[in-house]
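Next, two complexes with chain A in common: one pairs it with chain B, the other with chain C.
So, the complex of A and B:
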């Protein structure tokens, strides 16, 4: 497919600068909140009007768009949810009186890609994929098609989602978040429904240029199903089509502590080569529609550093280097993705 | 490269509940914009809307949609989806094939349920049945589940150009061999959210919208859904091929979060790219179904871009004067209208037009005409600078 060059991540962990995945930042009131930087590249007047998702997305993207880009491809499940409900609340509370448009303009999910285009004067391709837990995956497919159409091009590819009080409340009422007091340690062991809320932005420079690349996205497959046997059989096909027991060193599993979803991960594990290392990441980034984008960023880090932080491992790794990583993620039990990421030789 | 054909259309809008009724209104120059009967909003009696006159309860009944958490947006999408499946004669096996993709667009999703969303986002007690129905992705997740669609599923939101981009993404999935067939389109229902949003920007007209008119006062909001079946030539069999999708372009205006540049850079680049993909010179375009919202800003910017691209623009009109601006559905319904124009050899009149904008002098076509049409361009531009243009050609 294509190569990933620059990678920038704003997440609940120390991922933006001085990356340190050895120490873990824990949740505050059951929410893994992003450690936002000071956003020095964004003029204060503009920054003040930005909601959290727009801010994180634009802030991360600006580090990459210093390059001359052919376009911008963003995935987001909810976009600026906080602005959206702020505007909605005004509609109700002022009984549709005269409202100010700032929240409305910021609330449209394409405001992130639009704002990046505007701030970098980028008139190229610009698209926002919003297919809930497969928004970033569709952005990857889009980037792959664009790079096949123009092999000398470079695209900004990324995803962002925020925790707002409002989407947290909706998903809590819908049973997607645990009510017990959560820590990074107990997430996988509580044997209850729901997961931990998270947020973040991951941005990448995608191109066909191998030289200097951090990693390669080799293959992707997405599917909708609630049948764990079907998912597991698709996973088996994916592994035999795109990788091998020799090359594949690690699986990053989207396991999120929700005991209703455990069957998907457990059944998929039965299809993996024996003694393959399995690592988890949701205790770092939480559960949200863009979690898989943060998993891609994490995979790049593991490949660059050639080591897996211990607290990630569910089954330990052997001593061999990391050549290929398979991410299996599942969103709310119906949206599934497999992403294969590889080290770049030479 | 194999060609991509449209083998099915489905639509519901303020000018009709199916393709035949939409076409009849277009040929008769009959607008569907007027007083709303169903909408709950303080603006319902003040502003004109392109409303579909079937209640949400009746839509549920008619479509046998008994699942809980179904919104008006889902139902409008389902209505158009049923028509497109029947029109393209798709079998259950074809729909559930991993080679059949679904790419839909919406900007409102389940946010049409303002009061329910207000409650669910703010209150700690029992949630409503719609907790999983608010986001944009929910509409296509519902269609996927109901029809067991087997291929790549996606939802796109680039504001008012959303469904043009859904059509483009579906066509590219086929071009790249990732699907043999893509069901593509978009939907939006009237919502307090968008009514108040556009109203806060002072771009809603209290009169019938008058695209490209000197004294245009803004847009009228509408609701609609439309889908197309795109198929690669090899799988079309002996089905009717209504048109071929030959060109598409996507560009960003990079000028302002909610308005277009005076010289229409984004619109110009999107149209230019669509022509390049279709391998056509500007003079080959017989008709432009313009974005033409009826706002001061859009119509001026689009006119400037058309003059830059065409010199003297070909016949053009905006069908938003019939349906209202249907936001995430606009690119898809106007795709249907563009295909109807090609297939039936006819051009639809620009209505509510009186005098041209003095600086451009451009006049949309003002009466229905029968005419051989070979290539039609359909424009969609949105907030965030998102501009897209599609070209449909005679099959």
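So, the complex of A and C:
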């Protein structure tokens, strides 16, 4: 597929600068809130109008868009939902009278990619994928198709999602977030429905250029199903088609502590080679529609550093090095993705 | 309400409506231009200020020429509010 060069991540963990994945930042009122930087690259006049999702997305992207890019490809499940709700509330509060434009302008899902394009004067391809829990995966597929057509191109590829009052409250009532007090440590042990809310932005420079790359996205597969046997069968086919027992060193599982979804992860684990290391990441980044983008960023870090922080490991293994990582993520038991990430030789 | 009190209230409302991070009411001078130099506001802010006058003081500005005369600085806004407020 293609190579990943620069990577930037704004997340609930220390991931933006001075990356430290050994120390875990915990939730606040059951929400893993992103540690936002001071956004020095964004003029104050523009920053004051941005909602959290736009701020995180633009703040992360600006570190990568310093280079000439052929386009911007962003995935987001909800975009700036908080601003959208502010705008809708204004309509009710002021009885469809005089409304301010800022919340509306910032609330559309493509405001993130649009704002990045405006600020960097990038007039190239600009696309936002909004396939809920597979938004980032569709952005990857889009980047791959564009790079297949033009192998000398470079694209900003990324994903963003924020915790908004809307998506948190509705999903809490719908049982997708746990109500009992959560910590990073007890997320996987509570045996109850729901997970922990999270948010963040991950941005990558994607190209076909192998030299200087941090990692390679080798393959991706997405599917919609609630049948765990079918998912496991697809996973088995994916592994045999794109990798092997010898090459694959680690599975990064999207397990999120929701006992209703555990059957998907447990069934898939039966299809994995024996003694393969399995790691989990939702206790760091929480559950949200763009969680898989943060998993890709984490995979790049693991490949670059050739080590897996102990708190990630569900089943450790004794491997000399980490060559290939398979991410299996699942959003709300319906949207599933497999992403294979590889170390770059030479 | 005294004119000075109204100025202080308006400055706080401008900061809140426009989300002017790092600006305090005392940083806004009464005769400092709101647009261009001074606070450096732009055309989207002018719409936000018109909405502010409507929501907080019941004032409807529909003529753009009138808006240009009102949204000059805090003094001109306060004088207009005193003369035209309905709430």
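Rule of thumb we're sticking to: the second predicted complex is superposed on the first by the 345 of 346 C-alpha atoms of A that agree within 3 Å, B and C clash if a C-alpha of one lies under 4 Å from a C-alpha of the other, contacts with A are read in each partner's own complex, and residues count from 1 in each chain.
Throughout what follows, a contact is a pair of C-beta atoms (placed from the backbone, for glycine too) under 8 Å apart; a residue touches a chain by one contact, two chains touch by 3 or more.
Computed from a predicted model, the values in this text were never measured in an experiment.
J.: Kindly classify A:44 by the partners it touches after superposition: chain B alone (first), chain C alone (second), both, or neither?
T.: Only chain C is touched by A:44; chain B is not.
J.: Hey, is it chain B or chain C that touches more of chain A?
T.: B
J.: What is the contact status of A:125 with respect to chain B (first) and chain C (second): first, second, both, or neither?
T.: First partner only, chain B.
J.: Answer with first, second, both or neither: which of chain B and chain C does A:115 touch in the superposed model?
T.: In the superposition, A:115 contacts chain B only.
J.: May I ask you to decide whether A:224 touches chain B, chain C, both, or neither, giving the answer as first, second, both or neither?
T.: first
J.: Just checking: does A:98 make contact with chain B only, chain C only, both, or neither of them? Give me first, second, both or neither.
T.: Touch partners of A:98: chain B and chain C.
J.: Quick check on the output: what are the common chain A residues between the chain B footprint and the chain C footprint?
T.: Chain A residues touching both partners: 98-101, 105.
J.: Which residues of chain C touch chain A in the complex?
T.: That would be residues 17-22, 40, 42, 44, 47-48, 50-51, 54-55 of chain C.
J.: Quick one: which bits of chain B touch chain A in the complex? Just the residue numbers, please.
T.: So the residues of chain B in touch with chain A come to 41-43, 107, 111, 114-115, 117-118, 120-124, 126-127, 131-132, 134-138, 140-141, 144-145, 149, 152-159, 165, 169, 172-173, 175-176, 178, 192-193, 195-197, 199-201, 250-258, 265-266, 269, 382-386.
J.: For chain A, which residues count as touching chain B in their complex?
T.: Touch list, chain A to chain B: 72, 77-79, 84-85, 87-92, 95-96, 98-101, 104-105, 107-111, 113-115, 117-118, 120-135, 138, 141-142, 144-145, 148-149, 165-167, 169-171, 173-174, 222, 224, 332, 334-335.
J.: Write out the stretch or stretches of chain A touching chain C in their complex.
T.: Listed in rising order, the residues of chain A that touch chain C are 44-45, 47-49, 94, 97-102, 105.
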